[in-house]
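This report concerns only the one structure given below.
Here the chain labels run A, B and C in written order, and each chain numbers its own residues starting at 1.
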C-alpha cells in the first residue's frame, strides 16, 4: 500500500444544516403502519390469518355448496355418519350437519366479534379511566363492577327473556352486562402499574391531555394483556351463548351455533361421536388461529417488544 | 394501609346491601311462584291464601323486603321452598364444602403448572416448549370443560379403573373433577405469565442480573416472576370465584354434591330465600377476593398506590 | 415472599382437604351382587336418582324424587303390588258400605314405628288432619279435602277436627266418610300423602324433623342408615316392619347422579344395578338381555288456548292435531319406551270396570291424517277470513321438550306448509304465560295422581285457579263440565266409565282442546340378577319386592 500523505487541503468541511442533524432517516411510519409491517413478517400469523379467512368464507359459502339446508328434517335419515350425501352426517332429526355446522360458525363468529368488541371498547376504556383518574372515581367504578357481578346474571337474563323476543339481539344485551369486566380489571391493573412511571410523568409535563396519555402511551403498553384476554373472552362468550340458548334466550330451534351444537353433541357422545367432534374441532381451529394471530399482533404492536 | 382496608370493608357492606336490594326486587319480578302450580291450582282460593300467608308472600313486596333485611341482620337467612323446610344456611354450608375442595385443588394445581409452563415458554421463546405451551393453552380454553371431564371419566375411571368414576366417597373422588377444572386455569395463567415475562425478560435490569452472573433460575423466580404477576393475580381472582362457586357441568358428571347447580335450580324454582342467600354469599366472596387482590397489587408492585395520590 | 407463598399454599390445601374430608360419604354397601362366593351373605342393590332429594318430610314432599325414598321407608293403609293393584298393607282389610260412601279400615295387630311408638288409627287420623291443612308445605291438601266429608271446610278453618268425616272408635278401626262415591279411593290410600307419620315424634322434633336420619322414624320396609340430600341415601331393612320376613334385600344405596352418561359409565363398571338409557343409546342396547322399557301414567300433550288468535277456531285446532305423527315421535325422536298416546288418559289406566282398561273402552282418539289435516286447515283459514294465522308454541327449556318442539315444528311445516315459531322458556315462565292465557299452543304434561281417568279429565273444567285452555263459557265447555259432574255422582262403575269415555271424546275429537302426544316412558338396563325392581304406573320406586340372586 502506498503511503499517501494526508494534508489538510484534502479535506473540506461537509455541508451540514442544523436541521439536518434533527432529520430522521427512516421514512415516518405511524405506530399502526409499523405494527402492520412487522405483523406481515411473522409467518405464523400470516398462515393463521389465512386459515381464519378460509373458515369465514366457508361459514358463509358452506351451506350453499350442498343442496341441503340447516333446518329441513328427514326422519328416515337420522344419525347418519359422514358420507357422500351428507358430508358431515346428520343429526337426530335428519338435518344436514354440514349446513348446520357452517351456519353455526357464522353465528359463533358473530358472537366472537361482538364479545371482542365489547371487551375492547367498554372494558379497556372503563379500566383505563378507572385507573388513571384513581382515588374516588376508581373506587366508585370498581364498586359498580362489584354490583354488576353480584346480581345473578341468570335472573337478569330471564327477565330480559320475558320482555324481549328471543334472538341474537337479546343475547348480545345479556352478554354485555358483565362480559367486559375481566378486561376492565386487567387493564386497570396494568395502568396502575404504568401510570406512575417516568414516561407518563414526562408526557404530563409536556402537557399531554389525559386522553392522549391513555391512547398514545398507556394502551400500547398494555397491548399484550389486552390481546391475550380478548382471546379468552371469545370461547367463554361462545359457551355462555350456548348456555343461554339452552335456557331459551337467544337462538331458538332450528337455529344453532357451534356452542349449541357442541352441547347437543355431548349428549350423544356415547354413540354419535362425530356430532361433538366436528364442531369442537372447528372451535379449536378458530381459537388456534386467533391465538397465533393474537400473539403476532402483540409481537407487532407492543412497543416494548421493539428490537 | 389499615385505614384503607377499613374503608374498603365499609364499602363491602354497602355494596352487599345494594346487590341484595337489587336482587330482591328483580327476583320478585320473575315469572312464576315458589310453588308447584300444578298442585297449588287444585286448592281453593281460600286454601291458597293461607299458603301464601304462611310464607309471608301475601304482603306487598317492600314490606317483605324490610322483613328480610331485619332477618339478615339477626343472622337468619330464611328457609328454602325448593328444599322444603331446610334452612338456607344448612344448605349452603353442606353444598359449598365439596365445591370448595375441588375448586381450591383445581386453582392450586392450575396455578403451579400454569406458572411453570408460562415461565419456561417465555424463557425459551419461539422454541418447541413455547409452541407446546401455546397448544396446551388453546386446547385448555377452547375445549369445554365437560368434554375434558367426560374423557377423563371414561379413561381414568371406566377403562383403566384407576380413579373413581363418580360419587363423593373418599378423597380420591375429588381428583378427577379437580383435574378437569384445572385445564382452563392452566391455559389462562400460562398465557398471561408468558406474555408478561416476555416483556420483563427484555428489560435492562434482567440483563444486568445476567451480567452479574446470577443463575437463570434465580433470575426467573426472584426478579422476573414478581414483575409478571400483575395480570395473573387479577385473573386469579375471577378464576377462583368462578371455580369455587361450582362448575355445574363438571359436578354433574362426577356426581359431586356441590353448589354448582344450586343457582340455576333455585332461580328456576323461584326459591327466593335461597337465591338471596347464594347471592349474598357469592357477592361477599367476590368483593373480598377483589379486596385481597388490590392489596396484593401493592405488595407485589410497590409502585402502585391505590389511595389517592397527593398530587 | 417465596416462603410465605409456600406456607399459604400448603395451608390452603391441608385446610380444604381436612374440611372436605368430612363431607365424603364413604363407600356405599358393596357392589351390585354377590356372585361367585357361594351364598349371598348380605345382598344389596345400587340405584340412583336424577336430582337432589328436596326433603324427607312427608308434609313437605311433593315431587317424585322425594317420593321415591318416602315410599320405601313409610307405609299407608294399602300398598300397590307388582300388578298395580292396591293390597292391604298397614290395614288388614277394608269394608266398603253399599252406598260406596263409608270405608271401614281395620289395622293389623302389633304395628309399630321403628322407635317403638304404636301405629294406631289415631295416628292416621292426626296425620291426615295435618295434611289437610291448607298451608301444609307440599300443597297436597286437595288429595284429602276433595274426597273426605268436611275436610275442605276444616282446611279453610270453617270446621273443627271432630266434624271431619274420620272416626276412630278404637285403636285398630278407622271409619272414613266420603263426599261422593270414589272407585279409586283405595288406590288413593297407596299414595304418600296418605301414609302414616308418627305425629308425637313429629311434634317433638319441631324444626329438626327429617333433617337427618335420626330425625325420622320408619314404618316401611326399609330404614335410613345414611342420608345426605345432595349425595344420596342408604336404606337398610327395617326390623320393626310388619312384613319384614318378605323383604329380601338387606341394603339399598340410592345416590344422586344428574348426568346420564355418568350413570351409564357406573352401570358398566358394575356400580349400579339399573340405569336409564337416553334415546340415542337405545338402539345400541335394544337387543341386550338386560334391556327393558316401562311407561308411566304421565301424558304429554299440546294444549290449545281456545280463545286466542288463530287457535280459537276449532278447525285450525283439529288440523294442527291431525298433522302430528306421534307414532314417529315416540319411535324415532324419543325412542325410549314412550308410547304414542291415543288419548289424554293413559291406555292402561283402569276404568273402574273390572277387567277392562280405560283404553279398551275408549279406543283411538288421536289420529294422524295429513290429507284431512290440510282439509281442516283450509276450512279454518277460510273461516278466519282467508289469512293463515301466525302461530307460536311455548314449551319448557329441557331437552326432551325441545326435541318434541322441533319435531312438531317440522311436522307443521311439512304437512300444513306453515312456519310455527318455537318459544322455549323456563318452566315457571311457561306456566305463568299459560296461566294468564298469553299463549296459543303450549307443550304441557300431566302425571296421574291416582289410577282413575278422573285425574286426567277433571282438570279441563273449572280447576279452582284457572281454566286450562280457557275451555269455558261455550256450549261445548259447559256440556263437558256437566259430564264430569255427572260422573262424579254416578255409583255404577260401568255407567261412569261410559260417561268418562264420552267426555274424553268431546275434549279431544270434537273440540280439539288437547292434542295428546305420548305417554312418557323410559328404557332401562337392569342387571339380570336383580328382580322385581318395579316402578308402578306412578313412576315411584317400589322396593319392597326386590330380590337379588
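Going forward, a residue touches a chain if its C-beta (ideal position, glycine included) is under 8 Å from a C-beta of that chain, and two chains touch if they have at least 3 such contacts.
Predicted model only: the values in this text are computed from it and were never measured.
Undergrad: Just by CA atoms, which chain is the most central one?
TA: Chain closest to the assembly's C-alpha mean: B.
Undergrad: Would you mind telling me which chain pair, A-C or A-B, is linked by more contacting C-beta pairs?
TA: More C-beta contacts join the chains of A-B.
Undergrad: In whole angstrom, what separates the CA-based centres of subunit B and subunit C?
TA: That pair's centroid distance is 37 Å.
Undergrad: Let me have the rounded angstrom distance from the C-alpha centre of subunit A over to the C-alpha centre of subunit C, please.
TA: 49
Undergrad: Could you put a whole-Å number on the gap between the CA centroids of subunit A and subunit B?
TA: The computed centroid separation for subunit A versus subunit B comes out at 24 Å.
Undergrad: Mark out which residues of subunit A touch at least two other chains, giving numbers and ranges.
TA: In subunit A, residues 158, 162, 269 touch at least two other chains, as defined above.
Undergrad: Can you list the residues of subunit C that touch 2 or more other chains?
TA: Correct list: 261, 425-426, 429.
Undergrad: Quick one: which residues in subunit B touch 2 or more of the other chains?
TA: 30-31, 150
Undergrad: Per the contact definition, I'd like the list of subunit B residues that touch subunit C in the complex.
TA: Within the complex, subunit B contacts subunit C at residues 30-33, 35-51, 53-54, 81-86, 90, 94-95, 97-98, 100-101, 104-105, 108, 150, 153-154, 157-158, 161, 165-171, 173-174, 221, 226, 252-255, 257-258, 261, 268-270.
Undergrad: Residues of subunit C touching subunit B in their complex?
TA: So the residues of subunit C in touch with subunit B come to 1-2, 9, 12-13, 16-17, 19-28, 52, 54-55, 57, 60-63, 133-135, 137-142, 145-146, 152, 155-157, 207, 209-211, 228-231, 255-259, 261-262, 265-266, 268-269, 271, 425-429, 431-433, 435, 446, 463-466.
Undergrad: Under the stated contact criterion, what part of subunit B meets subunit A in this complex?
TA: Spelled out, the residues of subunit B in touch with subunit A are 11, 14-16, 18-19, 22-23, 26-27, 29-31, 134-135, 137-139, 141-144, 146-147, 150, 187-188, 191-192, 195-196, 198-199, 202, 230-231, 233-235, 237-238, 263-264, 267, 275, 278-279, 282-283, 286-287, 290, 297, 301, 303-309.
Undergrad: Could you pull out which subunit A residues touch subunit C in their complex?
TA: Interface residues on subunit A, with respect to subunit C: 72-73, 75, 78-79, 92-93, 158, 161-162, 166, 246-248, 252-254, 267-272.
Undergrad: Over in the complex, which subunit C residues touch subunit A? Could you list them?
TA: Of all residues in subunit C, those touching subunit A are 260-261, 264, 278-281, 283-284, 328, 332-333, 397, 399, 402-403, 405-407, 409-410, 414, 421-426, 429.
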